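Paired with chain B in one complex and with chain C in the other, chain A is shared by the two complexes that follow.
What follows is the complex of A and B.
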């Protein structure tokens, strides 16, 4: 068997927490993605803008290279360096070389680009440029290498301007952009969280209202809930109200039942007490036997009532807790008969069992059903005359299985037949010691099995109790 | 221990010792070989830590600052080596080619120079280390770079005239100066002095700035050439000539040195050119491989502190950069009383341009040509 719920029952899952967790996770994921995107964007934007500055300065320098008297001369323009000085805290390095890479001026030992692959071999292009980043003097430096084709009459070839600048300003700008983005994301996240929190609180407020309403109630108040009707909680509210109604019914029934039970026990106790008092007051009574009989009768009555009450409690509990299983009705009825056979013989009543049905399989609780039949048979035996016969018969129709218990007793007048199933009701003509519980139990068990209980006259006199079960196939399985 | 030799100095001996060393420095400063001369300022308390300052600054100017510093930091022995602008740069870059006495003064913890361009190049080439403090944050942006180069003065570049030789209203700007030279004709021949920019780093710096600032510069050079301009190595020499009547006009002199001289030479008049007045700032930087970084920082902070800036103003007669310091030799006074715009020379990579090998060659040859061609005519 697999248990996939790690939660103990005292740690209930919170929908609200789940929602909040989900929302926070979503915001975290989106926020992280946004941060990555903004960081990348910031770096690229800073790179682009400062590369343009670098290129602009390199172009200004390249423009200041001329051939004078057959010599390549560089008149380094201050403006180019002022352009670069816009990156306030960055160092500047440059190297200018003439045709055949002859060093002219600047930092002779600047790192060179990895290979010449960055330039097109197309000789027709007058100006070529490429960027690269390398370390120089303990700092990362962004370099541009700009080549310009000299087209003077006496000198031809490329002059090369390599201009580099440390990357503090780029890093600062990128950081600035990212920082602003982070602020924005943080603000957006806080607002989103706030709104979500508010929304979730509002969404759960009907549940809270129901909870408050229930908590504020006294335990005996089972009247319907009165909360603002909300579509989503309407059914829950209805269910609660329905449940409370049933609870109220059960409570009512329990109260009545307790009262009746007490009454049923008190009556024989009163009889018992009267008989005993009689014996005490008249110790030398001529014939005490009738008094003893009354005592015996009262004790029997008590015994029956108490065991029936216990029985009912057991049965009720069983019916609520046990699942129905596949049973054979014939077998159950037969067992009930066998169990009561000796009792019947004591009462000088004959039990006759007849099974007229072949397939008597159905879903049921064998223990409860046996109790049902025992009650019916006991009743029949109780009301049968001496040497009477109680017939027990199992037979079937197209979609029913019937169990009939027939006696030759006095029978029950038609007008009382509805009432005998009520607890503690005893027909006026009833004899012997009955608790008035037997048929109530019968009905309870029958209801659990979807069976009907009918009372009919027996011929020439007596009572027939018929319990009709639906056949298993009639349920459509 | 090198330190232990000097802790025996008593304060009454201090002055004599300093004097001896100072004289020694003057006589041997220009020596090409041999150990560099060191001026010693012994610590007044034990334990002693040694701060090496390499400076392009007159001992006289530096003295009050160091004294004031040692009052606050009596445990610091200061060893000052005076350099020429180019020498300081060379020494810092090449370092080990020199020797010093004592030998552990070879690395300057703190480098101070008026050659802004060379100081910027030292920073650009990675010889300085970063430092940030409440004091460095007070420096205006134009006067510092990368938190490695720190300008601490605000000195005007001025024109000085000898009022005895030049009666009448002195020229207020370069245009008037040009007209004056032209109108005076031959009488001014040999009477105009300015920096020999081939020899003086500061002179070269000012000339380069002039060439960027104004078109009058070329015409001024021509006028100088036709009047046999006298070239000198330093502001002090020109001021001497002006005071003695050898020169009538000195162009592009350091305002701070001029201001200090005015008291003893009433015949001199200092003019802040009204078309524009260049402002230079002396730059201090902490050597990347400073042995005593902590005291170098202390000294820099003191230099920039209100107390240090006040000492600069009242005793060293160097215009301090802090606008909060009041007096006549201050940035504050210049801002209020200058007749024209002040053009501070911005500390930054653009100062590298005049140092470019080809640029310098071309600039110097053009400078010589304009001076010489006109002289021959």
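What follows is the complex of A and C.
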């Protein structure tokens, strides 16, 4: 699926190509080494075999040297040259000299062996031979120098046979061997490449399988992958499955959230419509006043829900995008109180603010925190009895700052205290007005500020909500 | 017919109750899921109008408990969710129909009619019983093509009898199907309604017989 729609403009790294490149490089290096070895071997083999021919010819010539009547007599054997004639394109040179290097026959000007290629001085041996290569008549020539000790009564000393042959045939043979070797290497390389390619393809097949399975699914299918488990891809598969599970969770949460939000908005709308339709169709109803009151209540509730939903969207966005700044907690709480004071008075509830902490600086988002306190105060006002007082107090301990909002309402039973922070949760007693979002927003904001929210009983009755912030100094600054 | 409305919004619940009562049904309204579930374990209704988001116990659970008890009372779901998936899930869970909030009463009434008459075994709003024809959508009854003048309760009572032709119905059973719990009909209310209905049905093929100590039996001699 990635092949026809590349995710990134630059080419992604291909493990497969990397492996194939590595394999090719390896084969090239091995092949080169093999070629060098085979070339050396071919040359040596050619040299060895032609040297033998050369040596055998030289022996035959040396054998044919006799001392007759005190004179060294050379009778060149035809067979010797016939052996050498096997190499048809090569020319043969020879030079024969007697004791004390007296020239006897052949090419007088053949190059002599270099000093270090000379013979050892232990004269004990009857026959000694040396090979060397040199240039003669502008051509490389392979020479053998053969010494034979004459031990006739009248003549003692070495006779030397130097026999040379141009190296065309050797080169041909060497080339032939190398060529054959090259062919073999080429065939072996192709086979090796094929096997490697197949092996790599097989090795990657679990990945292909995962890719195919993912490509074939519908976008809503987030069930675990079912691929033959392979040790090396197991972790990847697990990771993909884990990721899909998390995605499914997020989607579920999202769906639940939109479902709840739809319910919260559509139910009052449905109620409004139904009530109005009843009033229209039966205008002769006895006492319409309670219905009108309910209608207004519904509109208020709808308004609360909509503003809380909008609020939450704003807050969530802010908390994700805005950095925390240094703020003064006293000031933020006081502003929230001031903004709600007249609303509270309309509801016949009094707000009382008390600041018992001096240094209330901390890192935070003033807008979000103000929303947090507004939600708490609004809740407290909502559940306060007529002529009740909502107390808001900022105080501190050694390394914490606390904001407490206390009311004299019905309170929240212990068993519901955890649940009330869940979005859209409304305790059974909380009839009517709440949106079920206020405390969820409170928790979200508190979490961003590393603050804890606790619910406690107020005396003699009612609820105390306590938000505990860590002091700036306690953060290790 | 006796209808249970389970809806936690006061305005909506009350409006539905008022509307259906005006049509002559006995309507009970509860705003709490647990309460509704408890009620349904002991009481039979002809139709349940059920909201999904309820305090304490959700509508889906109420529905599944109901169906687990093999209770086939028709259930009309009120939902705010518009996703097809959700609706499929509801229908699979045993809901008979659903209505998306907000809705028009005309539609609610029509769906209620369909569900209740289906439960009685009639496939159309108009049923014929000898020379009597019963039109649920127009809320009209004709005998020999002549319209009878029936009050709401009388119409509903006849509807109950037509749904149980040939079966003995006790006075209590009839009261259950006709009145909500908070309506307290006098001890003779049923007798009174039956007497009036019987008088109006004098010319028709449907006759209501009194079985002393047992109840009432409606018969149709369509010759």
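What we mean here is this: the second predicted complex is superposed on the first by the 267 of 477 C-alpha atoms of A that agree within 3 Å, B and C clash if a C-alpha of one lies under 4 Å from a C-alpha of the other, contacts with A are read in each partner's own complex, and residues count from 1 in each chain.
Definition applied: contacts are C-beta pairs under 8 Å (C-beta built on N, C-alpha and C of every residue); 3 or more make two chains touch, one makes a residue touch a chain.
Since this is a predicted model, take the numbers as computed values, not measurements.
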item	value
Chain C versus chain B, contacts on chain A by residue	C
Touching partner for A:419 - first (chain B), second (chain C), both, neither	neither
Chain B versus chain C as contact partner of A:84, first or second or both or neither	first
A:138 touches, of chain B and chain C: first, second, both or neither?	first
Which of chain B and chain C A:92 touches, first, second, both or neither	first
Which superposed partner A:275 touches (first chain B, second chain C, both, neither)	second
Touching partner for A:294 - first (chain B), second (chain C), both, neither	second
Touched partner set for A:75, first chain B, second chain C, both or neither	first
Chain C - residues contacting chain A, complex	8-16, 18-19, 22, 32, 51-53, 55-56, 78-83, 86, 100-105
Footprint of chain C on chain A - complex, ascending	255, 259-260, 262-275, 277-278, 281-282, 291, 294-295, 297-298, 424, 426-428, 431-432
Footprint of chain B on chain A - complex, ascending	73-78, 81-82, 84-85, 88-93, 104-106, 137-139
Parts of chain B lying in touch with chain A, wherever the complex brings them together	123-126, 141, 145-147, 212, 346, 348-350, 352-353, 356-359, 362
